[in-house]
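Encoded as structure tokens, the structure appears first; notes follow it.
By written order: A, B, C, D, E, F, G, H, I, J, K and L. Residues from 1 in each chain.
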Amino acid sequence: MRILVVHGPNLQLLGKREPDIYGAKTLKQIDAEIRQRAKQLGVDVRTFQSNHEGEIVDKIGSTAGEYDAIIINPGAYTHTSIAIRDALAGTGIPAVEVHLSNTSAREEFRHRSLIAPVCKGTIAGFGSIGYVLALEALAKGE
Amino acid sequence: MRILVVHGPNLQLLGKREPDIYGAKTLKQIDAEIRQRAKQLGVDVRTFQSNHEGEIVDKIGSTAGEYDAIIINPGAYTHTSIAIRDALAGTGIPAVEVHLSNTSAREEFRHRSLIAPVCKGTIAGFGSIGYVLALEALAKGE
Amino acid sequence: MRILVVHGPNLQLLGKREPDIYGAKTLKQIDAEIRQRAKQLGVDVRTFQSNHEGEIVDKIGSTAGEYDAIIINPGAYTHTSIAIRDALAGTGIPAVEVHLSNTSAREEFRHRSLIAPVCKGTIAGFGSIGYVLALEALAKGE
Amino acid sequence: MRILVVHGPNLQLLGKREPDIYGAKTLKQIDAEIRQRAKQLGVDVRTFQSNHEGEIVDKIGSTAGEYDAIIINPGAYTHTSIAIRDALAGTGIPAVEVHLSNTSAREEFRHRSLIAPVCKGTIAGFGSIGYVLALEALAKGE
Amino acid sequence: MRILVVHGPNLQLLGKREPDIYGAKTLKQIDAEIRQRAKQLGVDVRTFQSNHEGEIVDKIGSTAGEYDAIIINPGAYTHTSIAIRDALAGTGIPAVEVHLSNTSAREEFRHRSLIAPVCKGTIAGFGSIGYVLALEALAKGE
Amino acid sequence: MRILVVHGPNLQLLGKREPDIYGAKTLKQIDAEIRQRAKQLGVDVRTFQSNHEGEIVDKIGSTAGEYDAIIINPGAYTHTSIAIRDALAGTGIPAVEVHLSNTSAREEFRHRSLIAPVCKGTIAGFGSIGYVLALEALAKGE
Amino acid sequence: MRILVVHGPNLQLLGKREPDIYGAKTLKQIDAEIRQRAKQLGVDVRTFQSNHEGEIVDKIGSTAGEYDAIIINPGAYTHTSIAIRDALAGTGIPAVEVHLSNTSAREEFRHRSLIAPVCKGTIAGFGSIGYVLALEALAKGE
Amino acid sequence: MRILVVHGPNLQLLGKREPDIYGAKTLKQIDAEIRQRAKQLGVDVRTFQSNHEGEIVDKIGSTAGEYDAIIINPGAYTHTSIAIRDALAGTGIPAVEVHLSNTSAREEFRHRSLIAPVCKGTIAGFGSIGYVLALEALAKGE
Amino acid sequence: MRILVVHGPNLQLLGKREPDIYGAKTLKQIDAEIRQRAKQLGVDVRTFQSNHEGEIVDKIGSTAGEYDAIIINPGAYTHTSIAIRDALAGTGIPAVEVHLSNTSAREEFRHRSLIAPVCKGTIAGFGSIGYVLALEALAKGE
Amino acid sequence: MRILVVHGPNLQLLGKREPDIYGAKTLKQIDAEIRQRAKQLGVDVRTFQSNHEGEIVDKIGSTAGEYDAIIINPGAYTHTSIAIRDALAGTGIPAVEVHLSNTSAREEFRHRSLIAPVCKGTIAGFGSIGYVLALEALAKGE
Amino acid sequence: MRILVVHGPNLQLLGKREPDIYGAKTLKQIDAEIRQRAKQLGVDVRTFQSNHEGEIVDKIGSTAGEYDAIIINPGAYTHTSIAIRDALAGTGIPAVEVHLSNTSAREEFRHRSLIAPVCKGTIAGFGSIGYVLALEALAKGE
Amino acid sequence: MRILVVHGPNLQLLGKREPDIYGAKTLKQIDAEIRQRAKQLGVDVRTFQSNHEGEIVDKIGSTAGEYDAIIINPGAYTHTSIAIRDALAGTGIPAVEVHLSNTSAREEFRHRSLIAPVCKGTIAGFGSIGYVLALEALAKGE
């Protein structure tokens, strides 16, 4: 099983940016946690971060045949990007949406996700553990 | 660690009711899965199902000192019950919201959760695995 | 043919409560009318009244194999109960929504029914005759 | 008792148009059913179909002294015609709104009826039986 | 100066229909009042009533070169007819909107006029006097 | 018959302010036109202008027993003043709303009048003639 | 004078639940305050608490002939229960709505009360004193 | 304890204006009731009425150091005046909002209060007793 | 291939009505252009214009077996006619929506088309060329 | 160059009122800063404060020929006063809107400015420096 | 005549992505069709695809003097990109919007185009033929 | 003091694009003005322009420790980019929003800024002077 993990805009700042909201771990540390758990689960995982909506669309568009599933934290693009939604719908492979913070408890404009309806499911509010739970959810399939 | 799992309205019908949406397992089977994983994690778990908003409010109101965390699938009350929201906010112990189906991909009125903003996080769309992931999220804390 | 008739909240007050809106007959009299017409149509009918959303959900959830159809006047829960809607959708047996008053001619918040979309049809505004018409509609099938 | 039955736009196509929504009977067959049941009830009934909002307004405007009640299936005009609403309100004789399909379960714009608030009641979702139920509701008065 | 007076749907019922809202005069009496005042003002006036949106559009579309101004009481079409609005905008001759009742004091859906923005002005709430005031407003020009 | 004419905010600037919208006549000239027509109609008229919502409320509040009717051009307060609305409703004497411009053809926020529902009627779009028409409407009563 | 005091959902937690919002007194202490003041006013008072919408509807439905007035703090049901509203409207005896906190200063969804329109009046924001003020308001009648 | 009582627009008309809504007492009588109860409670009270939003803002702006609390019936300004809201928030002394009528049971635009969120609490629907209850609420503090 | 071209309300005025919006060609000239291009494409074309919603519904309702496709410029009915929408959906033959002007760049109420969702596609903003493009689109099928 | 600086409601309280939002300087100090910078720029400046919407309208209405530009901090009237907007639009001289606080970061109802659309520009969030920047913007013209 | 054809996000996936919505042709095949028809029309055409909003803005921004017209299928950016809208408006050369699918018949959020109002016209629903029709529309000018 | 000036999409076209809205100066000229004033104020300034939301997010994300403040004209991204908002909030250094045009006086969709709430303040409508005023506002601090 090959899984692509996509980190959206501003996630390169993790650990530095508003740690009370997003936690104290850096993206590097989170990626290491993901890889470690993936190894345990026998899953091949690649991670990717970009602040560019277009690069994320490019990346998702090139997953066909390369990956079996996508874990995506679309960051701010969760609420504004129909292009990423369409890219995910177009791939035909299952995706899981992850958010570090509990977006339902934040500003009104963070309550609507354009991405969630084309995903298998959503995990939000558990910090970096969310990625690991997503890995497990995909590994256990159903 | 003592965890209360609350199943909301119509979940007693699982396995019989609209299996294409909610899956083929019965509530009994799901509760068994939860207990099995809880045992592995060294967590003391109790499950509770009710179709009555008031009984769920009663139950949550009596958790203080009895439980360390709540896992709740509020079912239809997710979208209509401020009373359950207030009960959760009033307990002061962490809660995790679980949904079997991906509510974001269903009717418009299922997109807003009154419960999510007072929970630590939400897991939706993974069928009965969602409860197990919630257990792990709480066990791993953060 | 076995039909369950469900009377929702405050209907126990019929004949006493706002008779200019709801008519002068008591619920007992209405149930008698329903039973009389059912007998003529060769239909086995049971009636049930509750002010508790949870009890109504319980009752509907237990109809599988017991009844062939449901006639429901959800009263105030028409506009607020997704739980009752989900219970009806979950039973898989046909339901008819009945209202004594013409809800479209009353307050704005009575114009939207959460129940109607999961019913076969709706009859509103004819007082207690509505239940009898619902019986006939079910008996004549189509 | 003299009753006018008004069929609104596109109902001349019944039996041909989208039979999964509107049923397989032609308007002629439905009118025959109505007349048959009217005879049993001792009611004098006339039926009228038009695709023209103006003709329907004309017709309703000329009912005073000619008819004792109106049964109307306003079709698409249900949601757009204040003129028909005003005509019904202006006649001063009771009207019953009938819909073949369960409009509450269809597109959002079919959920609001401009006609219902000036009618005695509404019957929706029972196919051609709806007209017969409307006849009975009027015959039984209350 | 040649003026066309257009009476919209249901106005043929004046005097009979809801006299507490629309007054006790018949349309014939109102037309006589209009003609009498027109004569005093040296204005050539024609009156026209139709319940058909299409006929009103036809009529307005044929006014070019025949009339110098239009007085229109669009009745229920005030709130629903973009076709009449476009017809008035297309004629290029000034129009005055008249309402017998004070539409602002009635149902919410009567508060928006699609016609008013393409008219010179509006007179509402003065019963049949409104037409006479409209004549004077046009005769006095400005 | 004693009539109070109330001119609202910024009307003291008439003739100077945006003449393409409000016309070239000064308020003094308009008041002279009003008085001249009032004399012809045998009506006793007083005019009053204020930019202060409070002064207009004071003035209307003191009309009881002093005036038989009010003509009011509430200017910008048309859309924002519930206080003036309440004052008019509290006097118990009839009022007519006048606007120089056709407010329906201007900005969206000028389309709703808080004042119109408590008036007998409205005249809009005829420049200073509107006041004269209002005088006539009141003199002719109905 | 016999008065029923109804406490809605989660109020059994008073003193423990979010004391910065709801105050430090327990429900028992508040009930004692109410009874003490009632005695001074010569009023017979009963108190009742339930987390169940249905039980509150039952209770209100049984007040006819038993009580002369109702004081109700509907808690979270203030914003979601048409059933309680209908029950109060159906009793025909006066009711006063009380809130411990100033609901207008809290979340948007707490600003609309479905209950207030069928009450005589509302008292909000004064903590447990609100019940005493309500008693006085009813005792002083008007 | 020194309390300022502010009466908003049109309240000078009390007793004359729409007595079925606002009661039969004059403002003078109400002020006398307030003063009498204040004396009993040992409170120093001043009353003030104005139809001018600006004067009310001036008055509230000058209360610092002069008064310990404000009781305000903002009348129509309840729904339109951010300036009065800001003045109250700026004083830093507690305020209580009073309404004679039950505003929740009246027109839609009277349901939102811009003032309530900056007050300690609200009392509505009890006629002139409301001011006395407000005095008591402030006197009892909490 | 037999194609019906339907021109909606006010299109009989083309060339005369607001030429800056709708162009300088008359409907006769446009129909000639359409017929000329149809001949080149080997398509049998009939054109029809009506200001009457009902006549357009009649016409569309009679196309079954007579035509293979419909090109329709619904004019103002684009935004208000569910009846025409239902007629098109009922025919079961493909339709193309054409607009002379770019409706997206005009008033807000012209942005929503009730007709477009039941058409194969839409062509807007190209003047009379739009009809020719629609012919080609249908001729080329796909 | 002669500039009028208008300070709206509650600004007389500056330095005392909510200093965390509005800063610690008094209006007197701010006016001194403005005058000092104006002198440097060779601009003749007058300042004016009022809590009365009407006085502000009066003042703006009298600027024609007296001033070349207006700097206005409309305070709470920013969001509610069409009268001040109309006064500014009516003067025909350029205006600049200034806010001490960043209104976009405060309550929802402070996000819409009725005044900004008739101004040359807006400066918000810089405390008293905003007035000085406005002076410079006007002095530098463009 | 030189025309730039811009393909927006995810269009590189054509033929592979959801062929029931977007058709079976690849972008390469579509570009070949466009070039072939352009040659017949004597038009010089360049095609460009990007998933990056910024690259599309760059490209449009560099068209001045290089191209005479733009054909753009903005894909998902149709509904979210004001930047592309502003780029098109800034070029001053005519643009045509093309959509492969009938966006009006899809999700609600695809019904509003931010791009259409700055284009000459729109062609939607005809698959790849839409580009060819756009070429013809531009070639025929008007 | 080191300040980064960020120019958003389409600003590279300044001087060429719609000069009646955006002015006649090129971006180069504006940058020169900014640098000149910065030198006078002793501020170290860098300017940056991009049409790519992702590049702007990258740039802002890399300012920590490099700059003391940001001046940003987000252009079209003002209304659509939560990613830029999050980047600014994440930097923890103060930002000022600048707009060349008065966005409040333009299309409805330009009235809401997603960026303003995370900035210190906003300056809009003064053309290129806005950047200079922003420099001064930051230099003067407060």
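Keep this in mind: a contact is a pair of C-beta atoms (placed from the backbone, for glycine too) under 8 Å apart; a residue touches a chain by one contact, two chains touch by 3 or more.
Since the model is a prediction, treat every value here as computed from it, not as a measurement.
Think of each touching pair as a link: the shortest run of links from subunit G to subunit K has 3 of them.
Any chain bridging subunit A and subunit G, meaning touching each of them, is among B; the list is complete. Fitting subunit H to subunit J on CA positions gives a rotation angle of 120°, reported to the nearest 5.
Both copies, subunit J and subunit L, contribute mostly matching positions to the interface they share, with over half of the numbers common to the two.
One inter-chain figure worth recording: subunit D and subunit H are separated by 54 Å, centre to centre, where each centre is the mean of the chain's CA atoms.
Centre-to-centre, using mean CA coordinates, subunit A is 31 Å away from subunit L. Chain geometry summary: the mean Cα position of subunit D and that of subunit J are 62 Å apart. Residue positions 52-55, 80 of subunit L each touch two or more of the other chains. If you check each pair of chains against the touch rule, the ones that pass are A-B, A-K, A-L, B-C, B-G, C-D, C-G, D-E, D-I, E-F, E-I, F-H, F-J, G-H, H-J, I-K, J-L, K-L.
Chain contact summary for the complex, subunit J toward subunit H: residues 8-10, 12-13, 16-18, 50-55, 75-77, 79-80, 109-110. Of all the residues in subunit B, the ones that touch subunit A in their complex are 23, 102, 104-105, 111-113, 116-130, 133, 136-137, 140, 142.
Residue ranges on subunit A touching subunit K, taken from their complex, read 52-55, 57-58, 61, 64, 80-83, 85-87, 89-91, 114.
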